[in-house]
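Next up: the structures, one after another.
Two complexes follow with chain A in common, the first pairing it with chain B and the second with chain C.
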Partner chain A sequence: MFGLKQKDATLFLVVVAITALAPFLLNPFPENSELAQFNAGYPDLMQRFMIFGIFAIGFNILFGLTGYLSFGHAAFLGVGSYAGVWMLKLLSMNIIPAIIVSVVVAGVFSLIVGYISLRRSGIYFSILTLAFAQMSFALAYSVLTPITGGETGLQLALDDPRIFGVAQTADGSIPLTNFFGLEMRDGIEIAAGPWLFTLNVGYYLSAIVMLASFYVAIRIFRSPFGMMLKAVKSNQQRMNYTGINPKPYTLAAFVISGMYAGLAGGLMVAMDPLAGAERMQWTASGEVVLMTILGGAGTLVGPLLGAGVIKYFENIFSKINDNILYEWFSFMPGGLQDFFVTIIYPFIGKGWHLTLGIMFMLVVIFLPGGIVEGGKRLGRLFSRKKAEGGGSDATPAASPAE
Partner chain B sequence: MDAIILQILNGLDKGSAYALIALGLTLIFGTLGVVNFAHGALFMLGAFCAVTLSRLLQTASVTIDPERTDFLGNPLKVETPYVIEWFGPEVGSLILDWSVPLAILFAIPIMGLIGLAMERGLIKHFYKRPHADQILVTFGLAIVLQEIVKYFYGANPIPTPAPDALVGSLDFGVLVGFDAGTVIYPYWRLIYFVFAAVVIGVVFAFLQFTTFGMVVRAGMADRETVGLLGINIDRRFTLMFAFAAIVAGLAGVMYAPINSPNYHMGMDFLVLSFVVVVVGGMGSLPGAVAAGFLLGVLESFASMPQVVTLIPGINQIIIYLVAIIILLTRPRGLMGRKGVMEA
Partner chain C sequence: MGILEVKGVNKNFGGLKALDDVNLDVQEGTVHAIIGPNGAGKSTLLNALIAKLEPDTGTISFNGKSLLGLQAHEINQIGVCRVFQTPEIFPDLSVLDNVMIPAFAKHQGSFRLNPFAAVDADAEVTERAHEVLEDVGLTPRKDFEAGSLSRGDKRRLELAMALAQDPKLLLLDEPTAGMSRADTNNTISLLKHIGETRGITKVVIEHDMHVVFSLADTISVMAQGHVIVEGKPEEIKGNPKVQDAYLGGAHL
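Entry: the complex of A and B
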């Protein structure tokens, strides 16, 4: 199906189904209920799931397949968003040219950076990419202010040319981003009893783009090109001996992942048309590394899962404050309640980074394959128990590592 | 001429911090072969040792003075720090004033213990794993450490002043024969530079002139052979990790008066120190020190107004630019040894 093997096609269809139903799945709690704050089904957050999913999928094509750890990928996302905003300023509020130009500009930029950085490997490569990203960040923040807007960031203005569109709407405000007239902010709200679901145009558009890039990623993983990239990771020297020059392959992987980052940046400005330099800072590059590792580097769905978990934590987990905790533990006697709240409090709310850091360390130490490997191990445990209970021979559940 | 001297001096204090952190990083890398992304966090912990000590010293006993009243007419509560109660007002306030230099003594055992705990508890298990894993786990550790500090000390920078006697500036120009007021340099930065030079000297002397240091150097050159000679090289390397943690911590303690410590100061320095290490040559101690000072001075030259008007923005990117050029032309860095990290 779709040129995919049975297993990949199933995986792809599952992801399609989940993204299509996400506005419902992520809103399991009725509006106005106490648990409604755990609902992640609002457009802004769901769009971010998709956008950072794309970013992490792209990063995974480089890191997961070739093993080259780039600490500067946020620069491509940042360059992509700047290019996107400029297209919205110059051409029209249609997002298609913005996204295309973002991808192209990020691709060209990553070609330059990759060509230079890939002359070294290992930690030197990480430092080189880091140096390039920090340089772009510093320049965007200071000297390039006419292009990037400096500290305030690049925003749309009422006097932008927008040659194929209108500079401002009839009532004198900045027009909204749209896809051939379909505005990103549009949507349908469905009230089903106490539940409220929002089906948002922007979300579904980014979901379609995400699914397309996911599909491309699967094809890359299963292609001869993908095999070459895996060979780069496992033994570059042997590749050299067989007479294959690994560099064009790694450079291609680098540029592809840079273009994915640019696509994510373009989508980001399509949903919310502004771009700031802090998107390029190295902590932002660190975040995509966290996402990929947490979900499982080198696996297909891992980066998506990682991006989802981190963005969920960032937006939902961080909102829990101590009052809510006190409510949760209100069934306990006073002293015990205080005790539990004091223990848990540092890990939630504003301290969510601490939880994230600990989780990340645990994953790196005990579960190098990330969430995906965790799931596989659980599944194996489960099926082994079943097999033992049934008395039949154990099914070979162990699938080869991706 | 005076402007040039001023820029060199300005570069030296930042360069000292780079050199100290890079020295520790290189020690860890050279001995244990571990790429430690948490080293910036150790620097930050050192600075917070200074903060903690000055807070501890300020713990006060509250007594009610019935003879004086506050503006509401209630008896005035007088806070007397215990140090003043114990040592008398003169010595007590002197101790309070000199809390940052005193924190050096306080930081050495603490940073040593943290270093030991880190190596035995975590890093030990990562010797056999790829460098990427080491980077990732220490990166995670750095996040955890800085979040813990943020939880206890808050997100705002905490001013930690230097002793009053050392607050002023030195008119350096007069000493070397320029007009008064041309080259003015704060005392504390000068002290920082001297302190860094002393620490670096101690580290090198320790490695060069003690038996322990000789064994460690031998282990850096050929770990297996040293092990075969019946020397427990692992234990010595563990101690070197603690040693490197102390060096980073001391760099942080003394840096506290220059920049008020905040929880992410380590990350800011980490990126630059890595660049310094790579420029100096992975695994080369003199290279790390030289590159630290060199980049510090270069950075301050690049921020001269004349240079900035000539090439706008150069002050922001000079270090990275130099790093890129050096990595591409001299892949082993300025003084890198052959065979280190050449995967």
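Entry: the complex of A and C
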């Protein structure tokens, strides 16, 4: 199906179904209940799931397949964002040219950075990419202010010289980003009893782009090209003596993942047309590394899961403050309530990084294959139980590396 | 003129003469064994042949084309293929993938950007990969992770990887080192079989005289970086120089 093997096609369809139903699945709690703050089914966050999902899928093509750990991929996302905003400013509020230009510009930039950085491998490669990204960040913040908007970031203005379209709408405001007239902010709200679901144009557009990216990634994983990338990770030296030149393969993987980052950046400005230098900072590069490892580097869905988990934590956990905690523990007597709130407080709200850090350490130590490996282990546990009970032949075969 | 010609090759490591004016003329379709005590420069010579190291002086040519200045993958692409002494495989990939990679290398060159092709779309490559696995008897293990194979199986896999490329010249570095007598005999008959069916020229480095004398058409004996004697097996067997070099006079 779709040129995929049965197993991959099933996986792809499951991901399609989940993304299509996400506005419902992520809003399991009624609108006015106490638990409503755990709902993630609002457009802004769901768009971020998709965008960072794309970013991580692309990063995984480089890191997961070839093992080259780039610490500068946020630079490509940032460059893509700037290029996208400029297209919105100069050309049209239609997001398609903006996204295409984002991808192309990020691709060219990653070709330059990759060509130089890939002269080294291992830690030196990582440091080179980090250096490039930090240089880009510093430049965007200072010298390149005319292009990047410096500290304030690059935004749309009321006097943008837009070639196709108007600088201002009739009521004097900045026009909205659209897909051939369909505005990203549009959507319908469905009230089902106490539940409220939002079906948003921007989300579904991001979802389609994410699914396309995911599909391309599956094809790459299963192609001879992907096999060569896995061989780079496994034993790069050996490739030379097998008649293969590993350099163009790693460079191609680098550029492809840079283009994915540019696509994520372009989509970001399509949803919210502004770009800032902080998008290129090393913390942003580190975040995509975390996403990929947390979900499972080198696996197909891992990066998506990792991106989802981290963005959920960032947006939901960070919103819980001590007042909410006091409410939760209000059933306890005063002293005990204070005690529990004091214990838990550092892990939530502004301290969500602490929770994320602990979770990351636990995963790396106990589940080096990330969430995906956790799922597989659970699956094996269940199939073994079934085998013991029903006597079906569940052989945990030594499976080739995915 | 031979398929492989090495002329006046020198290589110094500091003060050590690893290769001292080495000359070698390997005839097409033959098995040319290089023997000699440890440190004689046999592996260094193979390294020089596949651009793993660069000789200080001298020429190396294959089918009349100089190999010096070429990169390792380019040398491989023109048909010179090496089987390593310690198995060099892709340990994280499946056994089948390990032979698919050289089969692709043979078929699509040193680089091809085909991210949308299916791995098994090219029937010729897939067939070739299965064929060489069958040749070395690893078909039952094709879905195993290569790193999980036993040492003997890893060496057979290496041989299969080389065969998947259908090389013109195969360089074998102690193909039977550390193998049991039974495995050694299997390897000998496998190498003979390959020689007969595919007509691959082979250069074999070997310590096991049983292997050398059952395979080789020509033998070069190296000592201290120098080729001291070259000749047919029967000429080498009784040569006093060889016995001196090896065991200080004891009989082989």
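As a convention for this text, the second predicted complex is superposed on the first by the 391 of 402 C-alpha atoms of A that agree within 3 Å, B and C clash if a C-alpha of one lies under 4 Å from a C-alpha of the other, contacts with A are read in each partner's own complex, and residues count from 1 in each chain.
Note that in this section a residue touches a chain if its C-beta (ideal position, glycine included) is under 8 Å from a C-beta of that chain, and two chains touch if they have at least 3 such contacts.
All values reported here derive from a predicted model rather than from experimental measurement.
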*Check whether A:319 is in contact with chain B, with chain C, with both or with neither, and answer first, second, both or neither.*
neither
*asked:* Tell me the contact category for A:380 with respect to chain B and chain C: first, second, both or neither.
replied: neither
*asked:* One more residue to check, A:128. First (chain B), second (chain C), both or neither?
replied: first
_Looking at A:138 after the superposition, I want to know if it touches chain B, chain C, both of them or none. Which is it: first, second, both, neither?_
first
*What residues on chain A touch chain B, complex-wise?*
67, 69, 116, 119-124, 126-128, 130-132, 134-135, 138-139, 141-144, 282-283, 286, 289, 293, 346, 351, 353-354, 356-358, 360-361, 364-365, 368
*Sort out for me which residues of chain C touch chain A in the complex.*
50, 71-73, 76-77, 81-82, 84, 88-94, 96-97, 100-102, 104-106, 108-119, 122, 143-145, 148, 161, 165
*What residues on chain A touch chain C, complex-wise?*
3, 216, 219-220, 222-228, 230-231, 233-235, 237-245, 248-249, 252, 256, 397-401
_Partner chain A, residues of chain B touching it in the complex_ = 35, 122, 125, 131-133, 135-137, 139-141, 143-144, 147-148, 150-151, 267, 271, 274-275, 278, 282, 312-313, 316-317, 320-321, 323-324, 327-328, 331, 341, 343
